[in-house]
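The two complexes that follow have chain A in common; it is paired with chain B in the first and with chain C in the second.
Showing the complex of A and B:
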């Protein structure tokens, strides 16, 4: 009998220790009271303020940045990869994306505050030409501000994830469609987008999860002023609020549920969009 | 069906000259193949006709209309690519329907037309299969049906059989020709396979270095190559570097050979004597070597089915010749057998090398 399977043992041990066991702990803890008994109170509390708003904000920020990041990233990746674009542009964009997709947390928050904060360099420059965005209702320290900052890593992540799929679009498909009389729009509508759709959906789910779980960037930017689920969990971890760790676990359980629902919605969509791949 | 005219087509890619001035007229319903090695410019020429690329200079005229600046989706040209051009997200019938769909034809009409064409290419039973469920040959049949569905005025085929195995290739090329004749559609076919080009074309254009070296019917291209390159490229050919001797003879490495085509040529002129292997006779040596025959021994004997290909070389190795003989005769002529090779004086063709310095031929008088 082959012993090749032994190669995955370290991974399984790792996943068990740092994913399965904590997840099981969260799942059980979410339904426990401080006294040790089982209860639904923690989960019920998620529907009360401020947690309900935190979930609403987190879902909204994740959806907006996944959709915008997905679309902008797709267009940028396509522009860089399409025929006729100089090779160095693709190389440069990919390298930048590799860095930017991992540039998050406090440094990213600081970079944006230093640039587009009330006294940021960019804000001052705009003020100098007569347009201070803060006088027109803009603030970096709001949900919209968080979304803008998140796009900084969401777009590059999308570029990295979708580039191989765009590479897979064969020139012959475009040319065949063209010789058959199709316009560029008709090519994208009937061929390009349907072929990319499975990859697009996968990438957007990834972007959603990426934004949904992000903590340090939002916290660094707003110091917790905008309620997001990870920030609420952070409060429990640091003991800032009521001494009820099980509520923190219930919040984490709520995150599992939201991500699980996303996956549930994604699976049939992916199946429909990729039925030609089976 | 269309009349196609390519007028002084040039295409440069930076410093590289892909097409160096192509002139070509194709008649209505004609099947013309562009034949040549990789990089000769044949695919570039086809892409210019299709509209996927723009010429550096020159014009493409179809049915009297200059289409050089017309985008490909308005040229009304069907095209079959090398491979993998079917839309993977559509079944075979949806692929065939696609051109009619973008032309806003009614669903029922286009479906009926698509099924008719799938039937024409023998794939009616595979209408609802996706490309990945079809073999390479089936995919190319669907691609052909798809290109024909829009009733194009011109059909372009860019090495459509190159990714298929030998048996399917032969079968499909005959089918392409049958359908082309049935529909009478003007067709340009690009290939590097000379057998393919010769077997299905009305005319073959051999290309090299971005130019057409020679164009003509297959028999003419095979029997009367106009340049050393064409002679080399079309069929197997013995190329004997020689000089013209006296009275209808040539000197090939010290051996005097009778060649009718040498009559009237100036003595001492350098020539390339082209001899088809099937015209060469090889017999077992019996001690006598007639004038104009070459004594030697069999270097190799390759079984090709009904014929065998023999390579015969003189003892010194200075002279050699390839002969295609019947396998029945070839059985006895194993490697090492002493033989005599000859060919009828009226069979070779001579090409003057007076202007071809790259073919150094020894001076017969210096021997």
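Showing the complex of A and C:
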């Protein structure tokens, strides 16, 4: 038995100390009671208010922004890549997406406050033409507002992830289909969509996880006014809720379960979709 | 020769709508940042001057930048030898290392911070209460996925075995081989991972704020809540930092695949 594996020990030790140990702390702590024994009470509490609503909100925001971000991102990426669009547009879109996918958190939240907040430039411009959105039931500081803002990083992530799959749709396939008499609709119905589907689904699963784990953007936008799971965890850690420290771990455990299921869906989809990309 | 096709009308519509959605908030923030803090009238640079004359701006940006450099140094020192060794000697461990590098996506920062605070609460002040200790150590984990996959791609494109044998047959030691032969060959990959890490650390808010450190993004949030119009100025400055890091990344990665990232949200 060779001792070559010893070479990866420093990395394994580091990952254990700062990744696996805290993860294990959450997994075990979620099932411990304040008295020290094991209990299911903390996890059961996740199904009571306000945590039930927090999970519902988080899942809803993630689903909506994954679907909308996925569809809009696909349409934009396809528009930029398809034949006829000047090449520089694709380069520009990719560069911008790289920045926008990383431009999240506190500054992103404020950019939207400056635009569609109560004093925002966009809100004032709309008021000037006689339509103040805040008089018509709109508010940026709601679930809908969070969804609008999340799309700012969801769409660019979709563009970056789906572009290689669109490149994989070879032009010859389209030409072959049309020379056999297929209409554009028939091409998409029988060739384009079935080939893209696994990539689309895996990208949307990734977007779901991306939104589900987000904390800073929602916090910067609403200061915790809309109950999402990460916001509830933030309350626990900043000491606003004192009664049971293990409940914070249970909430984190609940997020871990959702994100873990996401990974389980993502990996096989990723494997199928990479078949078409060479 | 295929005839040059014109741009499709639907493509124009989608790209136009998308650009509007992405550019309007940036333009609005710019206009917002030029307003007078008292009268809310345009146009003045006073908000930028306010930020640039705020000592907290300089101290927090310096703190975050040093933490970022420290994070990059530790991540490179930890991952370059590991990925090299895995490619050279123990390829069967590659799935395990890849798996560990992916774990931070499932154990997201908001989950990680819960466990971290509980595990490290009792550790000495010089580590736990220091951004250069605890925070940098944790950010290394957030950098794992980006640095690892960048390096893994880099190492796959070079012939590790031949380079190592050539270097050692000329009498080079392991450290010399790693430093003088391997590192120059994967410099672009290491730099790409480093710029991503820089962008992530400069913008990281979740762990910094919940662990009570006064980093740059915690300062940005403080301004957002307390100074209406200077907040527009600091937002654009923060956006500029992300731009600079990503453009530097593209410059070193020219010809490589566009970065697919998932930073702090």
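Here is the rule we go by: the second predicted complex is superposed on the first by the 240 of 278 C-alpha atoms of A that agree within 3 Å, B and C clash if a C-alpha of one lies under 4 Å from a C-alpha of the other, contacts with A are read in each partner's own complex, and residues count from 1 in each chain.
Convention: a contact is a pair of C-beta atoms (placed from the backbone, for glycine too) under 8 Å apart; a residue touches a chain by one contact, two chains touch by 3 or more.
Quantities reported herein were computed from a predicted structural model and do not represent experimental measurements.
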Partner chain in contact with A:176 - chain B first, chain C second, else both or neither: first
First, second, both or neither for A:118, with chain B first and chain C second: neither
Which superposed partner A:40 touches (first chain B, second chain C, both, neither): neither
Which of chain B and chain C A:190 touches, first, second, both or neither: first
Which of chain B and chain C A:79 touches, first, second, both or neither: second
Residue contacts with chain A in the superposition, chain B compared against chain C: C
Which of chain B and chain C A:160 touches, first, second, both or neither: second
Touching partner for A:269 - first (chain B), second (chain C), both, neither: neither
Residues of chain A that touch chain B when the two form their complex: 170, 172-173, 175-183, 186, 190-191, 194-195, 276-277
Touching residues (chain side chain A, partner chain C) in the complex: 2, 4-5, 7-8, 10-12, 14-15, 18-26, 29, 72, 75-76, 78-80, 82-86, 89, 93-107, 109-115, 119-122, 150-153, 155, 157, 160-161, 163-164, 206, 209-211, 213-217, 219-220, 223, 230, 233-234, 236-238, 245, 248-249, 251-252, 255-256, 259-260, 262-263
Parts of chain C lying in touch with chain A, wherever the complex brings them together: 5-8, 10-12, 14-15, 18, 21-22, 24-29, 31-33, 40, 78-79, 81-82, 85-86, 89-90, 93, 97, 100, 102-119, 137-138, 140-141, 144, 199-200, 203-206, 210, 217, 220-221, 224-225, 228, 231-232, 234-235, 238-239, 242-243, 245-247, 249-250, 257-265
Chain A partner contacts - residues on chain B that touch it in the complex: 50-52, 71-79, 81-82, 84-90, 98-99, 101-103, 130, 132, 143, 146-147, 149-150, 156
